[in-house]
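Chain lettering (A, B and C) follows the sequence in which the chains are written, and residue indices restart at 1 in each chain.
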Amino acid sequence: MSPQRIRTLKELAKHAILLGILFFSFVPFALMLVISFKDNDQFVANPWLPDAISSWHWENWIKGWNTVGPYIANSIVTSLGAVILCLALAIPASYVIARYRFRGRELVYYGFILTMFLPGGAAALVTTFKMMSSLSLVNSLWALVILGGVGGQISCIFILRQFIEDIPKELFESAEMDGAGHFRQMWSIMLPLSGPILGTLAIMNFLGTWNNLIMPMILLRDDAKLTIPVGLMRLDGEYVKMWGELMAGYSIAAIPLVVLFLFSTRMFVRGLTAGAVKG
Amino acid sequence: MADIELIKLKKVYDNGYVAVKPSDLKINDKEFMVLVGPSGCGKTTSLRMIAGLESISDGEIRIGGRRVNEVQPKNRDIAMVFQSYALYPHLTVYENMAFALRLRKVPPREIHEQIVQAAEMLSLTSQLEKLPKALSGGQRQRVALGRAIVRKPQAFLFDEPLSNLDAKLRGEMRYELRSLQQRLATTAVYVTHDQIEAMTLGDRITVMSVGEIQQVAPPRVVYDWPFNRFVAGFIGTPPMNFLPGILKDAGGSWSAQIAGHAVPLAMPNRDNLGKARDSEIVMGIRPENLHVAANAPAGSPSMDMKIDVVEHMGDHQYVYLRADGLPDTIIMKAPGAVELAVGQVARIHLDTTRAHIFQGRGEHAPNITLPPGFPQQQ
Amino acid sequence: MSEPIIPKGGGFQGWLTRARFTTVLWMLMIPAMAGLIAFTYIPNIESVIYSFYKWDGAMIEEYIGVENFREAFRGDPRFWGTFLLILILLAANLVKMWPSIFAAIVLHRMKSEKSQYLYRVMFVIPMVIPGLVALLLWKSFFDANVGIFNGFLRATGMMDVLAWADHAWPAMTAFMNGSVMHWNDGGSMAVNVLTLPFKAITAFFGGPWGLALWGGLVLMLARGVKPFAKLWLLWPLIGALAFLAWGDGPVTALLRGVPLALAAWGVGAWLRARDIHEAPTRIAWLGWACVAVGVILVMVTKVWTHPTNAFDLGRPAWLGHSQLVLPAVILWGFPWIGTVGVLIYLAGLSNISQEVYEAAELDGVGFWGKIFRIEVPLIMTQVRINLIFLTIGTLNDYAFFLILLGPSGGPDGAGLTPGLYMYQQAFVNGRLGYACALGMVMFLIILYITVFYQRHVKVDK
């Protein structure tokens, strides 16, 4: 075999491996979509492949929507609010920590980082709940916004600090000599240069709040205020499981984020790779 | 337009390192001052203190007579061109130049005029819409200049702006910078470790070594009357030759005992030599003041040296010579036409009318053959 | 790194400038710090305070000193038992780390930039699907009656294999364990001969756990006693393991542990005396072999010791049977591709230029050589960082098991993690103060691990 052929074969092998891995990664989601159009009998008879399109149960999606749909708005509001809060807190803080050396800087920084190692968990759940009820934020979406934003800022600061420190300091200094104040330097130098990473951090934070189950479960009372994960748990908890509806509900819960992703693929993939370098 | 004055300016870094020892320096209005010195001698530190980007440990900086120690960089009305250019990578050339003006709320019409004018001056007119990464090194350099020019600052600060360019481009930019400065007539402080840049650009040169100012003078003066051995060795390529010896007074006529030879000294200012009678000195003599003199008379200042290497440069050549009893190779600049063979022993005439005597063997040994009352800063 | 431009001196004017400058800096950080203190530190500190209370969240609130801690350390074997699960999960996670590394390597070796980008996009997609959806999906796959996993096992005939093994395997285990237990009771010649190596191991090392531990000791001693002495942070852990493996009490542990440790040291010293350069690698090989054999023996003789009888009808309830929860959890998320992990490794790999590969090819480095000599060493930093977060994540996690198995941790508490146990104590038993105390204990353990990693698992930035 010529070296040329061998090289082509090698490339093909790589494609085969990756496609194999991706196949297994996507099987669950493909099955989710397939099953979402079946009723229970069809599901038991043939869980793997789609049936003839005429026998698809579109009404599963309607029922799924009826269960999950009302919660979507709540989820969007809380996640978006958390992202905005998180960035509003993290950007100035990481700007100062990355750019200036002053007494107490490391102390502040490690004050943030240390929380990554706190056990949190169940013990802090109780006291957090207590705190929220003393602020009368129980059963309020604000509580989730605050917790999502404040919790999310830590990793934001961690990554942004490293990122800003890698921006040549001459750029900031040059802007400073040109007459730019702190906010102007953040706005005109730091934000444009850390665009992809900021977007990625935003999406990660969005996802974190979106996926959070425990907090909303503990904090929210009114049915009208629940977020998607809680809604999904309700679907899952029904005694007689209608698998089709369940899967339709899952799909509906997944779709907003996939759409969000499709709009921001380029930035997200780039930002993730760049951010990953910083660890 | 303003003069810049450093008064007992000192910089100690957090780790205790003294980067700039208390120094005085006055840079005149509209003057092009070059700070030159070897790497790590504190040039950048001084410049950044003038800009306000580095805190001042002690002393004072005055710009236009005003103390600016407490003034924020943005209020000092100074423009700086960084070694790395510091162009904003996300902004076009036009926007890069407009950045400072926009912050100053200059009307858009005026901004446009200024930029067009500067772009013309720097032949950047066709590049205005490009991003920095689409420019060549020289073009980026010019954008950085343009960004400083449009601000019409009181003073320009340059930190080795040409060091990232190749040799040819550096020559061209040197010329452009010089003519630009003459046209704009603005005070400029220019930092470099390249002494050719220093000689060609500066109205005056400040030579620094390990945080201290060694000499301040116009380029010619620095070249002809180096204040001490450090300056003498740093300015000029190839560098001045240093020949260690003992100073002897033979009844009114001075000579240096170098490697067993008595070299009679004939420089104009010999009144101070008395200080170093019979003690260790170093004689400094530039390569162009050495000549091949096959039949020099016995009493003349000459020595036999062996030719080690010859570098032919066309109209002239550099000859590396070795002589018994001398620690270092001696470099001679000879006309290109002279035939010299490697290995040959030649009789070399030392033109001691143009030589200098440094008292002692130290790196900063003072020149004791300067005209009377010669100031360190002029 | 930048410095503040705060000139010293300058009298009152200078002081004012300085003060104004720093004030502005602090103002920019205060919102973030306030949020952090109010919503992260205060609840955590409060939970520390409550760990000294008997507290049910409502009526009872009584200071009881260190009573909670005393109970945790003395009288709560269930809490400490949960750490066994953590150890197993950690080991499983260590294995599950590799597919991501492998995928990243393949992706990196891809020649065409375009397809590399495409694959990267594909790898990101699973990340944006809510974790809960994925979790519930997998949960449904493991459903006993209609679950796709059982369907898959039946369709491929693996169910029958499992049903067969379910009886065959425990029989073999019983045979080995049994023959060990009665190793000097005679028995048939053949049995004695067959199980002789195992008996020797048991006699000398105190069982498979002992062998694995001994191997670990040898590994740590590979570079000599001095570096080992520097690992002092590990000593308590070694002591605890020795206690578990070698004795029912401190005395027996000492009686066995000390000679064994001396033996480990002796082997190392002997090898080192013979050939100074080859010794560390040889000792390491010996150590790894002991660990491997030990772990395999543990698996063979301690796990799956009794038939589960769950496979006979072809409908095992993976999440409803105490013996099956763990395998199901370990299998969870196949093929174990962590999106973020892949991208992190990929970023690390991007430091390798094409020329390095070409040079390696000229030097005759083969397929595996490239992986283990070029690629894996380059992403070691990322692997280590991942390791730290993996460990802490595994220790802290409870949401996963809570959603999957409920607060009781599934049948017989087979899926009870420390975090979940805490949750159980707090929200099922209403013992909030005790849960806070357990949280403190967890924090100390995590702190210990973090400090240990900081010192001994170098993360060079």
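In this text, contacts are C-beta pairs under 8 Å (C-beta built on N, C-alpha and C of every residue); 3 or more make two chains touch, one makes a residue touch a chain.
None of these values were measured; they are calculated from a predicted model.
What's the farthest chain from chain A if centres are computed as the mean of the Cα atoms?
Following the centroid criterion, the farthest chain would be B.
Report which interface contains more C-beta contacts, comparing A-C against A-B.
When the contacts at A-C and A-B are counted, A-C has more.
Please tell me the distance, in whole Å, between the geometric centres of chain B and chain C computed from their C-alpha atoms.
62
Could you please state the distance in Å, as a whole number, between where the Cα atoms of chain A are centred and where those of chain C are centred?
Once rounded, the distance between the two centres reads 25 Å.
Between chain A and chain B, what distance separates the C-alpha centroids? Give it in angstrom.
Taking the average C-alpha coordinate of chain A and of chain B, the gap between them is 57 Å.
Which residue numbers or ranges of chain A touch two or more of the other chains?
101, 173
Multi-chain contacts only, two chains or more: what residues does chain C have there?
Chain C, residues with two or more chain partners: 3-4.
Which residue numbers or ranges of chain B touch two or more of the other chains?
In chain B, residues 14, 52-53, 72-73 touch at least two other chains, as defined above.
Name, in rising order, each residue of chain C that touches chain A in their complex.
The touching residues are 1-4, 22, 24-25, 28-29, 31-33, 35-36, 38-44, 46-47, 50-51, 57, 99, 103, 106-107, 109-112, 115, 117, 119-134, 136-141, 146, 148, 151, 334-335, 337, 340, 343-344, 346-348, 350, 381-382, 385, 392, 396, 398-399, 402-403, 419, 422-423, 425-427, 432, 435-436, 438-440, 442-443, 446-447, 450, 461.
Quick check: in the complex, which residue numbers of chain C touch chain B?
Interface residues on the chain C side: 3-10, 13-14, 17.
Applying the document's contact rule, which stretches of chain B touch chain A when the two form their complex?
For this pair, the touching residues of chain B are 14, 51-53, 72-74, 76, 78-80, 82, 84, 86, 88-90, 99-100, 103-104, 147, 151.
Could you pull out which chain B residues touch chain C in their complex?
Touch list, chain B to chain C: 14, 52-58, 69-70, 72-73.
Report the residues of chain A in contact with chain B in the complex, numbered from low to high.
Those residues of chain A that touch chain B are 101, 168, 170-171, 173-181, 184, 188-189, 192-193.
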